[in-house]
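In what follows, chain A forms one complex with chain B and a second complex with chain C.
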Partner chain A sequence: MANYYDLDDILMEEEYVTVHFKFEAKGLGVLDPGSEHDDIEAGAVVDIPLWLAHDLCLRKFVSIKLPSFYNERIRKEIQADASCVDLGRYCPYFYELGLRLAPISPDPTLGSFLLYCLQGRYKDMLCKAHTVALTTAPKFLNLLTREETQLFEAARDSVKSYNKWRFQGARLERAAVLGRKRRLNALLSPFELT
Partner chain B sequence: MEHVTAVVELLYQFGVNSMAGRASTELESSFFSGAEVEFLAEDDMVVIVPSLRMDTLHLICGDFGPFMPQVPASVPLWLGIAMKKRGKCRLRAPEWMSVENLTQVLELERESSQEFQPLPFHYVEVSRLLLDNARDDLVDVYMVQTLIEDIRNVRFHKVQTGLQTLSGKTHAVKLKNLGAMEVSLIRPFFVKALEKFYVHDNEELVQPSQGETDTPLASVDRHPRRVLRPR
Partner chain C sequence: MAMFGKKGAELVREAKQTLATTDQFRPFNKDLFEQVVKETEEHYGHLQERMSQIRVNDSTEGGDPNFVGGCAQHRSVLRNKRCLLAYVNARMSKIKHLRWDLGAVLPDDITGNLSATERTFFQGYSDALSSYMAEINLDLTVDSTPPKDPYVQIRVIGNLGEVLLDDQETSLLPHSIHFMTRTEAEPLVMQGLLEIYQG
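And now, the complex of A and B:
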């Protein structure tokens, strides 16, 4: 799924995830800014980037604790009105991160929650994306996550290019040099200063 | 005009569709812009009434002519427009561009909320080209222009309401009688949306059956408590 060259993918993997170390880890104190030793003790709770947490979890060194924005409170908010929740503030890669966490997290409902959330928000976005004013940045753009923003921009760009095609004036663009009158004498004597 | 009743399919199946595997930037460049769709539309045939005598034109797309003054001939739209610009012919509006027909289509569009009326595949582009280049040859120009704009708006609204039902189970959407410009307008958004739904739904298969049966988690019931009024 991950695309090596995808910038969003790289940024998404930088998101911090809280993990629970199952074993003592020698010399990994650097991972925990608050630690006083060189080692991480068994049972320590540390924030590490997803790319590291993912691999450590697959090797069963750590167990993942879901980030706070997948908790019960947010889920209730999404149930109430999905499109009003400011997911972009919680995590710009809400869906992608969730997708990566779903197979390794202890909570089996995460995947279905994400789908439910996407469905709820998609409907609202569909209505707004093609009709919203083209010139100003709409307010609800701040509520969207990165993935949703891309979706929204795709729709807006297509409407924009359609309108450009529909209402454009002249078909042929005039080269900038054509309309201008040239001063003949300027060409004749380059040294003459007038 | 063999694609008058063309069936447009916004087919999207992961792994089947060639676009599926591409990176998103490549995906965007594979969409048509308005000008490109217009270019394709220029191959549609129109009837012109020449005002000059000219021999048959042997073109790659076929032979056209010979042209006699006041004898209607059928040529591609681009050729018709080129001749019109030089004042060598008059363009004749296609039958579907009459006010009566368009009014009827608009009414039918408004009545049926599910299906689209059959219009030429390139109706948006052809009408625009004719209205721009051959205004003096058409009758009721403003009426036609307004009607076509109305029809397009009604149809677009219909597309939107229809596609609100998109869910994780949707892998392809079939929209009969949709025009080329309408497809290219909604394609970027819907291809992306379908892709998102596909990914999320695929991940689903990990979840539902494997849940422990002892205590259902509170988050499992994710439906609203009360029956809400549909908006």
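And now, the complex of A and C:
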């Protein structure tokens, strides 16, 4: 279980999943745009956020349907060439969401598929992180999920700090939170400068 | 109308941006914060309504419709609480950093972006740190990067005037260049009043 205050974990739980209500639920009509009254009827199929779906599923009130980006077609694409698939577009929280869904989903192969997928993409990503130009944002960054982007940035930062240490040593700098230099200079009146 | 966590997620996105923006301190989003609190109250109201309608000896198999609905409302209350706390917590960690980077007195444009409680927190945190440093007789905020040389050459950017350095009074005029100990220069460089001069 992730940290209670983890912002990314909270945002990941905001991803929508499709669930199938096994029982009638009073007062949840807002969740179903197609519903005409205040309640959800038994058998209704509704998209709800994961944090809600997870809890209701553990209580066996609903059953979860896996999102479309874990389906057979995407798995074939990953098998063909893992590092070229645009997972970032399907879902920025591809792995975290899958990890949370794996224990409650009807599909037992989801966990091993995620592992296979990350293994396939990791090596290529790390290789690129150490070799691409440091100043420009490379094009393939768009293909990565959030977690992969973090790994990529971490690898790149380590190269950057190594270079900084190697070539110029640590420097004192003003605190970044104060913004750029121009603002403070503008505060000085020209009379004080002369 | 209760939105089931949409506003809360917005607030968390805001918190993420607060952490990501490095060149300023984002103001406390009081408006959105209060909207989430209000929404939580709404969910709580719905929850009570559902609870009051649950019949105890209901023999329907599986779920009483009121119970299913009540669970969802309860979950929403917890969810919103988590979003609110995460927002406050994210800002708190950033405020702690301010003390280390800028010292005990914050510039006006940053203080203006803190909420009243955050100002109290900063004051308390700052006092605690100061008294601890006084107790062990060591300024922990200097030498955040290991120094190579105890002395540095600096150029004055802000208007400082007469300053007591090394037990003697020195006049730091704008654009003048001085040689001073690194421990004395560091806090002033962090506040943006001096810069390291490399000739």
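To be clear about the criterion, the second predicted complex is superposed on the first by the 168 of 194 C-alpha atoms of A that agree within 3 Å, B and C clash if a C-alpha of one lies under 4 Å from a C-alpha of the other, contacts with A are read in each partner's own complex, and residues count from 1 in each chain.
FYI, a contact is a pair of C-beta atoms (placed from the backbone, for glycine too) under 8 Å apart; a residue touches a chain by one contact, two chains touch by 3 or more.
Worth saying up front: this structure is predicted, and the values here are computed from it rather than measured.
Participant: In the superposed arrangement, which partner chain does A:R166 touch: chain B (first), chain C (second), both, or neither?
Facilitator: A:R166: touches chain B, not chain C.
Participant: Just to be sure I read the superposition right, which of the two partners does A:R59 touch: chain B = first, chain C = second, or both, or neither?
Facilitator: Only chain C; A:R59 stays clear of chain B.
Participant: Let me test your reading of the model: by the given contact rule, A:S112 touches which partner, first (chain B), second (chain C), both or neither?
Facilitator: Once the two structures are laid over each other on A, A:S112 reaches chain B alone.
Participant: Is A:G43 touching anything from chain B or chain C once the two structures are fitted on A? First, second, both or neither.
Facilitator: neither
Participant: If we overlay the two complexes on their shared chain A, which of chain B and chain C does A:Y122 touch? Say first, second, both or neither.
Facilitator: Once the two structures are laid over each other on A, A:Y122 reaches chain B alone.
Participant: In the overlaid three-chain picture, which partner chain does A:Y5 touch, first (chain B) or second (chain C), both, or neither?
Facilitator: both
Participant: I'd like to check the shared interface: which positions of chain A are touched by both chain B and chain C across the two complexes?
Facilitator: Residues common to the chain A contacts of chain C and of chain B are 5-6, listed in rising order.
Participant: Under the stated contact criterion, what part of chain C meets chain A in this complex?
Facilitator: Residues 1-5, 8-9, 12-13, 15-16, 19, 22-25, 46, 49-50, 53, 62-63, 65-66, 68-73, 75-76, 79, 82-83, 85-86, 89-90, 97-98, 101-102, 107, 110, 145-146, 148, 152, 157-159, 174-175, 182, 185-186, 189-192, 195-196.
Participant: Which residues of chain B touch chain A once you look at their complex with the stated criterion?
Facilitator: Spelled out, the residues of chain B in touch with chain A are 23-24, 28, 31, 33-35, 38, 128, 156, 160, 163-164, 166-168, 181, 184-189, 192-193, 196-197, 199-201, 203-204, 206-208, 210-212, 217-220, 222-224.
Participant: Mind listing the chain A positions that touch chain C in their complex?
Facilitator: Touching chain C: residues 4-8, 10-11, 13-14, 21-28, 30-31, 39, 48-49, 51-52, 55-56, 59-61, 169-181, 184-185, 188, 192-193 of chain A.
Participant: Which residues, counting only chain A, touch chain B once they are in their complex?
Facilitator: Of all residues in chain A, those touching chain B are 1, 3, 5-6, 72, 75, 79-80, 95, 99, 102-103, 107-116, 118-119, 122-123, 126-127, 129-130, 147, 150-151, 154-155, 157-159, 161-162, 164-166.
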